[in-house]
Amino acid sequence: MRILLANANTTEAVTEICAASARAAAAPGTEIVAVTPRFGPAVISSRAENAIAAHGLLETLAEHHAGCDAAILAVSYDTALAAARQLLPIPVIGMTEAACLAACLLGGRFGLVTFSSPDLYREVIAGHGLAARLSGIAVVAASPYDAASDPDGVAAKVTEAARGLAADGADAVLLGGAALAGMGGRIQKDVPVPLVDGIAAAVKFAEGLVALGLPKPQAGGFAAPRNRPSLGLGDALTAMLKRP
Amino acid sequence: MRILLANANTTEAVTEICAASARAAAAPGTEIVAVTPRFGPAVISSRAENAIAAHGLLETLAEHHAGCDAAILAVSYDTALAAARQLLPIPVIGMTEAACLAACLLGGRFGLVTFSSPDLYREVIAGHGLAARLSGIAVVAASPYDAASDPDGVAAKVTEAARGLAADGADAVLLGGAALAGMGGRIQKDVPVPLVDGIAAAVKFAEGLVALGLPKPQAGGFAAPRNRPSLGLGDALTAMLKRP
Amino acid sequence: MRILLANANTTEAVTEICAASARAAAAPGTEIVAVTPRFGPAVISSRAENAIAAHGLLETLAEHHAGCDAAILAVSYDTALAAARQLLPIPVIGMTEAACLAACLLGGRFGLVTFSSPDLYREVIAGHGLAARLSGIAVVAASPYDAASDPDGVAAKVTEAARGLAADGADAVLLGGAALAGMGGRIQKDVPVPLVDGIAAAVKFAEGLVALGLPKPQAGGFAAPRNRPSLGLGDALTAMLKRP
Amino acid sequence: MRILLANANTTEAVTEICAASARAAAAPGTEIVAVTPRFGPAVISSRAENAIAAHGLLETLAEHHAGCDAAILAVSYDTALAAARQLLPIPVIGMTEAACLAACLLGGRFGLVTFSSPDLYREVIAGHGLAARLSGIAVVAASPYDAASDPDGVAAKVTEAARGLAADGADAVLLGGAALAGMGGRIQKDVPVPLVDGIAAAVKFAEGLVALGLPKPQAGGFAAPRNRPSLGLGDALTAMLKRP
Amino acid sequence: MRILLANANTTEAVTEICAASARAAAAPGTEIVAVTPRFGPAVISSRAENAIAAHGLLETLAEHHAGCDAAILAVSYDTALAAARQLLPIPVIGMTEAACLAACLLGGRFGLVTFSSPDLYREVIAGHGLAARLSGIAVVAASPYDAASDPDGVAAKVTEAARGLAADGADAVLLGGAALAGMGGRIQKDVPVPLVDGIAAAVKFAEGLVALGLPKPQAGGFAAPRNRPSLGLGDALTAMLKRP
Amino acid sequence: MRILLANANTTEAVTEICAASARAAAAPGTEIVAVTPRFGPAVISSRAENAIAAHGLLETLAEHHAGCDAAILAVSYDTALAAARQLLPIPVIGMTEAACLAACLLGGRFGLVTFSSPDLYREVIAGHGLAARLSGIAVVAASPYDAASDPDGVAAKVTEAARGLAADGADAVLLGGAALAGMGGRIQKDVPVPLVDGIAAAVKFAEGLVALGLPKPQAGGFAAPRNRPSLGLGDALTAMLKRP
């Protein structure tokens, strides 16, 4: 099985971090094909960048999905998730979406730890219809740079935040963003509820969906676009919209 | 990997139908251990039976989970799901819960076809916090007996109901209840959106959760009960509640 | 009028505390018949015990409701309330349900003070459709044992919690759990909003419903089960399910 | 016990219909004191009239509540309910509020049959936080005049509407408006779920609240207004606002 | 264009403050006609006064709307807004409604600073269906008298409250109540998100609606009342209800 | 005042239709500057095209907003609205957003008539937090081509749909999509509730917001992005993201 892992940021180092997480979670026989958009924001950190990034991500998916059995969006805001799901003939899963659904399978409510953009995460989760299962969001005062330069200090802050969320009713805690990749394994022993990694969850759900073999919708809002003209888009994306 | 598949009805024939679906969906190397409660309603069809069945199901889970890596509740009302999830040291997944979450990964909203009890299904789905993603419930005027005696007639009715739900905005359709097991494969070609089988979805999610290897919560409402005295329950369940 | 007061815990001392509250609230001519399940958890404190307790409670109701005009569930999680309401031919009222509805009649929003399990209370209240009227839940750091050994200290803590809820917008405060029985009378003078006792409220609502003389539903999800086979249940419950 | 039954319409005939229902439901020893506002709409049928009527109703309550133990608002839109509850030192109950809460005690969801103004009823019920328990509203094509001139024809229409609501998931049906007073007793035998009369329910809840003896809030939004100057209001109402 | 600005309090000084804000915001050629009710509470501060004030406000609107193109309700609880909208043949806008909608055009969520009655504001905003866009309400410990006697001290407190709301996710902050009129201009430079004045916003929305020239509804709950008899109301209001 | 009207479709004819509507609604002295993206879908009709179009729209806004006082997104799915609002230093308004808010000022609930994509409209409206004010969506079986070739036939269908929505509780009806531009004026006389044109409403709201002169947020999720590197975007957009 081949799973396309598409970043929506144009920073290849972030793609590689996510790809490593994905490969660690993949079953034997599952190949992870990691791709980075040709254009767009270096690192999405706000609504504007998130909207801009959608295009580059969809171009990338159009160019690289052939031969893959499923796609994972390796971006914590689930950028363009519904669009990608409609566009591609294969299952598409968002990493925060996957983390949320895994958390739903583990308990009643879940919390989220992030370095920034709590309002964006809240909107993403509400957009999945899961606002009632979100117990809270804890913002850790640190940056991705801190995570690299002072991993112990950041780990301590994330641990404290996750413990606080658990004390306030979270039955699981999501770690938001590529900067927290690998953090779960490091601090899980000090947190009394499971820490969910979105990339790993997405890989398992993708493998599961592929195995279920369900058909692509042929009607409704998730049926693929047909016969849609466009202007100035990449060849692969233009062709996907124009399919008869 | 061993997955315990526990019915909440005391009718073994229903257990066997679900077990067959589970085995068809299981990965090579996944063993399905199917069990039926020692006491309780023959077939749950209402709130009263559903509440009664919880006890027998939990006794069964207590007696049979040792040596298993995950458990699936093979009952379409997700009977005692949160209780079982709290009680057992292994992941527990409900079949309708799994169908809902799989449908969430496939599109925006989902519908459900059932022979009866639409209000119970609505409550179950609302209890999962997913009311906003339910587009509608279609009740087919048929019984499990009809499904056995007139499979073509019932298949036609279910097809019509599923097509109607798709026309009204469902991006996927759940088939509710063991009586509809196997129906998906039969009629999928005539329905323009994917038909989701809860048992199959639960098997894939269970395999995925086991692979993720997340720890059991040690705090909060899903931590296992400890040192809880009880009266007149089965030995295995009594012991689980009484663990220090 | 005879009102059946059924505990869902198997601890008779708890039944007696609730029965005393009920008798204090009952009108002249209302007899309280207090019963305790034959089996189940000693004191429900979690989802698992709550689900297990449903069966014993329903057996008890089946065995003892004859000759009674209404039933009250003397358990603060409203265990098996909908099931009991469907099963019995008489009105059935939960103690927390009653407290919530009484609070609705007194003001806009209500708070709740409890020793434990705020998530269970939140789910119970949300299940009643009243989440929007819950202003908050305050957990008092005390145990039922503290309530017995240091009543003044616990009363002070509960008073402080109730006053805090009032300051944050609660127009009434519910006292959750049998361990807080009688606390309302003791501390009401120090709390600026009414303290609602669920057992007392349930008694008055039960008396009122009996007087209204409304018929049992003959259709829908609360009509009594009919012709339902079962296995290994008590005689009375088996017979109720099997009624033609 | 004396219960003040205050109409918000200025049509005494409507007051009398409601008073008769109340007296039929009242316990021995409960006296119903029925009053009609001195000014305001003859019969409230819209938002504008409902807002205007609030003043006259509150004047009436201020003038007549002395010596009463509780008050019932005999107007199906629960006109000025929160205001009256804040203003008066005694419990105040709305007739549709009471019908909703009684229906909550009887099953999961309830429907409502009315001659007009479904949007007003929907807002009233949503204002009580109970939108999730409303299964639907059926508008019967008839007028209060038809109810008087062709009672059999109207009874048939209401029966059909109530049966339709039950078929669509209502576990109880509310009859909205004084024009439907007494209809419940007439058609209950032909409807498979209980028909709830708001006035009768309000009487029983009022009797129950009085018996509970809970104190008036001394803080928050339902504490009585104090030291509030006003201009040109009736003497009794002016005095109540001006209390020190 | 003439805009009727109607206070619901009977304190003319409050009317004048609001009228000054309105005139400052009005376009050249827009005339503000400010009116104060003949009777009612001096200053609305609770549910009871708010319900009483509705009548006087509607009398005032009935008496003064002729010759005006739109009306603004200069009262922060949007008193009788839906009623006035139904009654009058011209557009009617509430000042808090306008502030909320302006804030919606500026960002995702908004906060509100007030001296009192947070529960009333929460209900008003929820009544507009905008609860999900309210990030929080901050109550400043000050009175209208403080605002007049110690404007610097109050400005400092309001600034701190508004900054706190912004830090907690408000993209705009509403200043609730006439006592805060003019505060926005004074402290905006110290608050990082826009401060919205309801009167100013209402003026611009009123001018816009008038320019759009949309017709009054002729059907449904906002069509004007017709042929409605009443008792003891003012001549103008009586006549408006009685229109054929 | 100059208002930038930016289409998100790359079809200039659609831009011109919207610009004409905008100019008809604009105040004297308001100039409409209409622009069309350099690349993207010809006409957005689905989630995929909507996500792709965001980028081209934001490039266009970056290139053309200088010298403008506000921007209107002339696309009925409010494409990239929050992103544009964050990115630009001037107010940004979506045409469906504007239609919804105008409808909120006119009555309680609103309906929407569209040729297609009811699920997208529902998501857009829910994203604005206004789901509770949407009474329903009516899909007219017609295409933009029909609207051009058989205007009378389409007008009749839209009239019927709008009347149906009014009968079901809509106090105003939104006409969705550029293909329905101008339809409101044509059929308003046959529909009993106001028909709201999003472009016209957006123009009036934009003029109003400009007049209010509120500052751009300097903090939170709608503060402009700063110092954000990107790859391969247009010069103007790259520069806006990179501002210090």
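Points to keep in mind about this one:
Going by the order they are written in, the chains are A, B, C, D, E and F; count residues from 1 in each one.
By definition in this document, a contact is a pair of C-beta atoms (placed from the backbone, for glycine too) under 8 Å apart; a residue touches a chain by one contact, two chains touch by 3 or more.
Please read these numbers as outputs of a predicted model, since none were measured by experiment.
The minimum number of touch steps separating subunit A from subunit D is 2.
Note that among the pairs A-C, C-E or D-E, D-E reproduces the A-F interface, with over half of its contact pairs the same by residue number.
Subunit E and subunit F have Cα centroids separated by 27 Å.
Separating the centre of subunit B from that of subunit D, both taken as means of CA atoms, is a distance of 44 Å.
Among the residues of subunit E, those touching two or more other chains are numbered 82, 85, 108, 119, 169, 220-222.
Because contacts link the chains in a way that matches no line, ring, star or complete pattern, their graph is best described as other. Chains touching one another form the pairs A-B, A-C, A-E, A-F, B-C, B-D, B-F, C-D, C-E, D-E, D-F, E-F. The touching residues of subunit F, when paired with subunit E in their complex, are 25, 27, 82, 85, 91, 93, 97, 101-102, 104-108, 128-133, 166-167, 169-172, 188, 192-196, 200-201, 204-205, 207-209, 211-212, 214-223.
On subunit A, the positions that touch subunit E within their shared complex are 118-119, 123.
Contact residues of subunit D toward subunit E in the complex are 10, 38-43, 45-52, 54-56, 58, 80, 82-87, 117, 119-120, 127, 220-222, 225, 228-233, 237, 241.
Of all the residues in subunit B, the ones that touch subunit F in their complex are 108-109, 169.
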